[in-house]
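Naming follows writing order (A, B and C), and every chain is counted from residue 1.
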Amino acid sequence: MSAARPVTWRGWLLTETPSSRRQAAWGRRYRMWLAFSSNPVAMLGLVLTVLLFLCAAAAPLLATHDPAAQDLANRLAKPTAAHWFGTDELGRDVYSRVMYGSRVTLGMVLAVVLTAGPVGLAIGCMAGYFGGWADRVLMRVTDIFLAFPRLILALAFVAAIRPGITSTVAAIALTAWPPIARLARAETLTIRNTDYIAAMRLTGAGPFRIILRHVAPLCLDSLIVRVTLDMSAIILTAAALGFLGMGVQPPSPEWGAMVATARRFILEQWWVPTIPGLAIFVAALAFNLLGDGVRDVLDPKQR
Amino acid sequence: MLVEIDNLSIAFPTPTGLSHAVRGVSLRIGAQKLGIVGESGSGKSLTARSLLRLLPESAKLTADRLTFDGIDILRANERTMRDIRGKRAGLILQDPKYALNPVMTAGDQIAEAWRAHKKGSRREAMQKAVDLLDQVRIRDPARVARAYPHELSGGMGQRVMIAMMLAPDPEMLIADEPTSALDATVQADILRLIEDLVSRRGMALVLISHDLPLVSHFCDDVVVMYAGRIVERLRAADLSRAEHPYTRGLLNCLPALSRPQPSLPVMVRDPAWLA
Amino acid sequence: MIDVENLSVRFRDIEAVKSVSFRVPHGGSLGIVGESGSGKSTILRALAGLNADWTGRMAVDGVPLVPRRDRAFFRRVQMVFQDPYGSLHPRQTVDQALSEPLAVHGIPDGEARVRRALDEVALPGTIRFRYPHQLSGGQRQRVAIARALMTEPEVLLLDEPTSALDVSVQAEILNLLADLQRRRDLTSIMVSHNLAVVAHLCPTIAVMQLGEIVEMLSTDDLRAGRTTHPHTTALRALSVELQES
């Protein structure tokens, strides 16, 4: 069985007895991919996510109109051949705005997740692992952030600095990390007292190495689920900020703001708020499905 | 015979087909003390639990015959099974910590077990509970009856479990590793207690364990299981004359206090045992 | 090699270990037996540096131990845990588990050492990239032992290393430990509730009850029944009666 070197790439990747670390690592990745691709729901999430990012990247090519060009004579028009999704209250093409808006919205969501995720994870893991006064201080800070209503905290933060995309991202990230930290701490508390962490301590590894390499990866599961569930809330918070004049500034198109401003037309000109709303729904769903799939393949027992 | 099992098989579906955990086991159990011994994965617990139909959801159970006092367990409805479980056959599990309700006192739990099957007043039930705690040789039964499970030691908790199982006067007691979580001194006490109660009440006992010498000490007959099959059955007194190499291996690989050995004999597993 | 004097360990209001003293010579091995709650594992964890709330004096090779150990200490003293299911990280392959101590101590030549370590505990090289859940209990315990030996320690602490295993696997692991002890000239302390297991590996035995060592005796004396404390006598009687009748 081990004598003849498997000739195919697949055979090389899937062998039960890899001969080197490199082969084992690639085999592991390939197995992850096999497990992931055999899950149709996760694949749907991946395809949708890729499509969304393609839309964002190719927005100038896909858009049929200038997203900021107003045409007051043709405001709130029904979907037609010229305006696929109709026009909004200033006569701007909804389809083009949704395409361009994907850049702003997806960019903001990603930026928030990539800042709040690691920060929350780090704070939660440290609080849980060290315990004692570190835990008390970090968790009381977290509680203070949690105690403020999300929107008020973000508003106060944006108001204190200049409104814009960067400050919106920072403001939302500021409100998004505390639940993540709470979750990571709870997970860490159960991991901290296991024998395998004790064994790691006995190798002489420092606490930060243990947290980074051994505790944090185990917290990722629940973190991914939490964050993907949070994504639509992030989009809506951004919209609310925009609506209150504190978020992304007009005329730059942003899905949440588009829904918020077009709310009053929902009965007569339903397409104006519905189309960006659908975009938010699709994006949130795609991230959710993708996150669930990724979480499943991260656990070697599931593969 | 109280229990008759013919050609019992239990299998679990896996991605690559059915995996057989118990294969073709046949047993007769009367009013005797039977030990089922085997290592992890031998199917000893599954075999015993199939009598109460307490198997994982996905398990596929088949048998030519599986009866408890003439009742066909394979075809019995859930109502009949509930009547057997607890009332006619009690099950004692390894760790009382997980088997007792943490927010009810020991006495209440025993009283409830008694009332579920015997119909009587609350006062009567509580009196019976204290009485049962006395029977499992708890020194201050009235105090223990008022205690919550976390206030009891492991051995005490196991005694409460046994009292609970005895409440409806069952005809059979299944003890699945009842003492593995306990200290050696407590272990012996509990097993002696079980043995004594079973003998006195004329009940059948099925004692499941991985510890062959221990089981043979407390049982009349011993069945040795390996990989889902019964490889040997013998009188407990004849243990030293066991013939199957697996049984011999189980006995030989134990370090003995009375004689020093430079190294322990290691069991060589013969594929023929699986045939 | 190991000197412990008046070691006491407290958990909040309970004194789990009460002023315990013993010494283990270089290359020797001490067995500690006792029932649950007797404090035997607590001694081991205090020695290993996993519990810092102790008082008294402990020294390894003449060097006094402080509550916070440095990295060099962990190169010399290692521990094997009771539950092989819980002592291996569920998301790491055998290769990763064995490489970790090398990475921490900056020991070069990792791949060859991992291969040699697997060889030493008689595990086939084919399991090197497996995850713990793909191994049997005995194989996992072998991996845990291999991990403890990666930094070539002089002292090995064994906390009930076989009590979660089947008896046939227990025999294999006990043989492996005896073999390693001889070959590597290890000093070891083994904790167990099983008198026969401890007697098999250790020439000297300490019997603990309620946080105190009630008797220290040689295994020969124990085998011959020359016990003085009633608790020792009772434990021995049970072991002989229940296991060897």
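Just so we're on the same page, a residue touches a chain if its C-beta (ideal position, glycine included) is under 8 Å from a C-beta of that chain, and two chains touch if they have at least 3 such contacts.
Keep in mind the model is a prediction, meaning the values are calculated, not measured.
Steps from chain B to chain C, taking the shortest chain of touch contacts, total 1. Central chain assignment: C. Criterion: smallest distance from chain C-alpha mean to the mean of all protein C-alpha atoms. Centroids of chain B and chain C (each the mean of its C-alpha atoms) stand 32 Å apart. The geometric centre of chain A is 46 Å away from that of chain C, both derived from CA atoms. Chain A and chain B have CA centres that are 51 Å apart. In chain C, no residue touches two or more other chains. Touching of two or more other chains is recorded for no residue of chain B. On chain C, the positions that touch chain B within their shared complex are 35-36, 137, 166-172, 174-175, 178-179, 193-197, 199-200, 219, 222-223, 234-236, 238-245. Contact residues on chain A toward chain C in their complex (touch as defined above): 2, 16-18, 21, 24, 27-28, 194-196, 198-205, 209, 213-214, 217-218, 298-301. Residues 39-40, 154, 183-188, 210-214, 216-217, 249-250, 253-261, 263-267 of chain B touch chain C in their complex. On the side of chain C, the complex with chain A involves touching residues 48-50, 69-75, 77-79, 81-83, 86-93, 95, 100-101, 104-105, 111, 125-126, 128-129, 131, 133, 144, 147-148, 151.
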